Amino acid sequence: MPTEKITMPQLGESVTEGTISSWLVNVGDHVNKYDPITEVMTDKVNAEVPSSFTGVIKELSAAEGDTIAVGDLICYIETEGAQESDSLDEEKEEIAIESEDATSNGESMKKRYSPAVLRIAQENAIDLNDVRGSGRGGRITRKDLEKIISTGEVPIASQAQAITTATDNNIPISNKSDTTSEKESQRGDKEIPVKGIRKVIAQNMVKSKQEIPHAWMTVEVDVTDLVKYRNNVKDSFKINEGFGLTFFAFFVKAVAQALKEYPQLNSMWAGDKIIQKKAINLSIAVAKENELFVPVIKNADDKTIKAIARDIHDLARKARNGKLTSDDMQGGTFTVNNTGTFGSISSMGVINHPQAAILQVESIVKRPVIIDDMFAARDMVNLSLSLDHRILDGLVCGRFLARVKEILENMSDKTMNLY
Amino acid sequence: MLENRHRELGLSDEEVMEMFKTMLLARKLDERMWLLNRSGKIPFAISCQGQEAAQVGASFALNREKDYVAPYYRDMGVVLAFGMTAKELMLSSFAKADDPNSGGRQMPGHFGQKKNRILSGSSPVTTQLPHAVGVALAGKMEKKDFVSFVTLGEGSSNQGDFHEGLNFAGVYKLPVITMVENNKYAISIPYERQVASKNVADRAESYGMPGVTVDGNDPLAVYQAVKEARARAAAGDGPSLIEAVSYRLTPHSSDDDDSTYRGKSEVEEARKKDSIITFANYMRETNILTDDKEKLLVDEIMGIINEATDFAENAPYAEAEHALKYVYEE
Amino acid sequence: MPVMTYIQAITTALREEMQRDKKVFILGEDVGKKGGVFRATDGLYEEFGEDRVLDTPLAESAIAGVGIGAAMYGLRPVAEMQFADFIMPAINQIISEAAKMRYRSNNDWSAPITIRAPYGGGVHGALYHSQSVEAIFANQPGLKIVMPSTPYDVKGLLKAAIRDNDPVLFFEHKRAYRLLKGEVPADDYVLPIGKADVKREGEDITVITYGLCVHFALQAAEKLAEDGIDAHILDLRTVYPLDQEAIIEAAKKTGKVLLITEDNKEGSIIGEVAAIIAEHCLFDLDSPIQRLAGPDIPSMPYAPTMEKFFMMNPDKVEKAMRDLAEY
């Protein structure tokens, strides 16, 4: 004989519980279906609750005075004859869980920029082509851009197409800009529209100079041994490796090594904190006519002279051919600028925002230098550091430069392996 | 009590037996619905108890093949008399898909069944009265010989639609019979606090129609009043208002506790006039009903109700998405 | 092709439908002998008799409720509310009964009634003879709300409303009654309820509106065309349920959308139109969605200064359209 449960019924539209005021049956009593078994009191009504079954009361699960939630057990009844089943009320709700994966993987929404995304991209000079969207269909969300900005890993426009397009479109038709008489072009003047990469460079430089309090420091380094060393091996290196061995590779190597010892310079300003980066990724400036690119040698501290030389070679070639990818440009933590290429012997670099410092490597020139009270002809080079004075002070920068100087002055075939 | 009052009204013994059977079926169905509510199987019940005599007496005076009815939520006796079955009423109580009133969309008591000319009703009270007037207007325009019959409670006779509808019917002399089932309470408010006139029937005079007050516990008295009203309507003499006075034997609904506003003794007193008892007594006096017959009748009715309950309890609900259907013609 | 006024198109549609179908009848206040306070039912009492053009008691709930009952029986009542402002006593019948009849009876019963009512201001009608009431009914599934702008649309849509098997509210702009004239074919044509209509093709800005404001927009568009501004104008015609497809298409066409109503701004029909555009057209929009509407005050005042301040007119519309074009 099956045992059935009798539960607290819902007595009234908004009622959630009932109190057993008295039992009208005892254990062992025989009851017919619809016979009253208990009196229940609720906020709305007092009512006799009937049995839903014919059978014998087996157990009273609630005492008089107990308040029981609607649907909770009040007693057991052993039923007779045909089995009653309540299962029919249980609607099987098999709701298919619809997978949205199919649509979320696509790129159909990649180029759908919301007004908010366009505004933020424009204000921060972000190339949307280089942003990976987390929204459905690859859509770039406002949050995606906010995240990029807060981590500082802004993909600076390489082709800068998206940004310039957006920027041009947003110039109000009626806006005559801030043209003053000085800026008006005269007859014969040539007007060069500011757009594309030039515009991005301009924006970045303005941002850096407006935001970062720059300070400067220069040291003089004697690289006579290094020059000798490099000149001895450069021809065979070129033949063996297929690309040239520049002085710059040695400077990059020295800077990477010194940064490892002075991580303060390998950091960035993040508003309420300074983030000291673990990876040493050196941005190097590569010029191409009117354009300036800053591709990155990743993990320069782990690399040999040869590996660095190859990176420099590859990145420079890519820059000249317009083949730099956003990946090539991302993640720089410190910039080394080869101003010596242009014959400069002293310059003050503009820090590559949001990095903490930039080092200008000037021309190597033969100069008379007094050593042991005697004149000697030595290969000398100036290293000029620009530093973010919010992050760095003279002391640490002086030590850093001294260390770079020391490494360079001791580079020779005895101390430095190319491979 | 007169001997054989029903014969004087032109009713056969069989017809009287049929009336009583319908009253008893309504009562027993209603009682079952309360039990189902108290067992937690149906969320809501609202009663006809105490008003079966008026509902069934009136219905039997109408042409149940032709006439239209616009019942209110207590009119189980009317809809049973007009062809709705116990099974169908149970389907409605369980909110099952095959409920002919609404397919499980409306609460129980919101009757409607086109094939039996039972107009669909809502919860705001008295809105059905102008509908019945509209049906009567249509019948008159189309020169049909049906009448429309509409019921409501005495509290509802305060609504604007009561007065607007009756006035319209009076102005156009339309074949519509309005029966107010005065059960003395509008939820907790007694008649004295609801209606300023002595009788609801007094309101008829303003609308150019006869108004009569009859004993709502006496099916034959109600039958007679409605029969006369129907004859007037059929003769083109226009509408009538009938007030059938009875007593609501249950709380307003399964959600109401009537002990907060009326005494037990008052209800006990009213039960003595319960038509299920008094009409059975009349039928015994006139030898229509015997103990044996009554037992057979009760057994038959309980069989119908048990079958209807099991059937409805086991019937399927509508699919969830069925909620989207029939907003407009499809 | 015959040219007729807006109100003549109404009378014509009613007459033709009553001739076509004996189940069509009219009920309302003063619609019979007088032919209506605006004379929309002029001549119908004489032609069809008092049984089919009923002068009812002054009781709007009964007009609606009796009409619903007759419709449930199978007739085709056309009820007139003398002014849309006076529809309020009938709201219970319209919303609780007509709108829900088919749904609540699980498709057993229906209430194919048409309720006509003159709405709108600019006629010195003050607070209670000027209102736009459509928004009150525009979240009631089961109802349809038609608000035509031209005599041609009036005839085709009123016929469609009468033949529709569900309740239709048919709001007529009372200032349009004799102001607007247009060609109306003599033949028996029906226009689809629920379909908006492009009243002018254009490339620069999209105007979505209905009723009398359609004409204000068309007038303004001609002026703007002289300045090289090309406006696309969509007439909603049915304001509930809305023709979403047409709204989205019109909004996407130019990406600059102006929505116009004579009603108070907050909670009006055009707010819903704006929501549809916002949901579907984010990447096509070239400007914020603009709304031009009456102020949020209870109704249109009587004094000419204040009435003019409230009322929509071609100048206000032109200014808003030009503003958007220049955005």
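Order of writing sets the chain letters: A, B and C. Residues in each chain are counted from 1.
As a convention for this text, contacts are C-beta pairs under 8 Å (C-beta built on N, C-alpha and C of every residue); 3 or more make two chains touch, one makes a residue touch a chain.
Note that the structure is a prediction, hence the values are computed from the model and not measured.
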{"item": "Most centrally placed chain - per-chain CA mean versus overall CA mean", "value": "C"}
{"item": "Most extensive contact between chains (C-beta pair count)", "value": "B-C"}
{"item": "Centroid-based (C-alpha) most distant chain relative to chain B", "value": "A"}
{"item": "Centroid spacing, where centroids are CA-atom means, of chain B and chain C in whole angstrom", "value": "41"}
{"item": "Distance from the mean Cα position of chain C to that of chain A, given in whole angstrom", "value": "55"}
{"item": "Whole-Å separation of chain centres (CA-atom averages), chain A against chain B", "value": "74"}
{"item": "Junction residues of chain C - those touching two or more other chains", "value": "none"}
{"item": "Touching two or more other chains - residues of chain A", "value": "none"}
{"item": "Residue numbers of chain B (touch at least two other chains)", "value": "none"}
{"item": "Residues of chain C touching chain B in the complex", "value": "25, 51-52, 54, 56-57, 59, 61-62, 64-75, 77, 89, 92-93, 96-97, 100-110, 141-142, 144, 165-166"}
{"item": "Complex interface listing, chain A residues touching chain B", "value": "7-13, 34, 44-52, 70-71, 88, 91"}
{"item": "Residue numbers on chain B that touch chain A, as the complex places them", "value": "32, 35, 37-41, 43-44, 251, 254-257, 259, 313-314, 317"}
{"item": "In the complex with chain C, residue positions of chain B that touch it", "value": "68, 70, 99-103, 105-106, 110, 112-114, 119-120, 122-124, 127, 129-139, 141-142, 148, 160-161, 164-165, 167-168, 171-172, 325-330"}
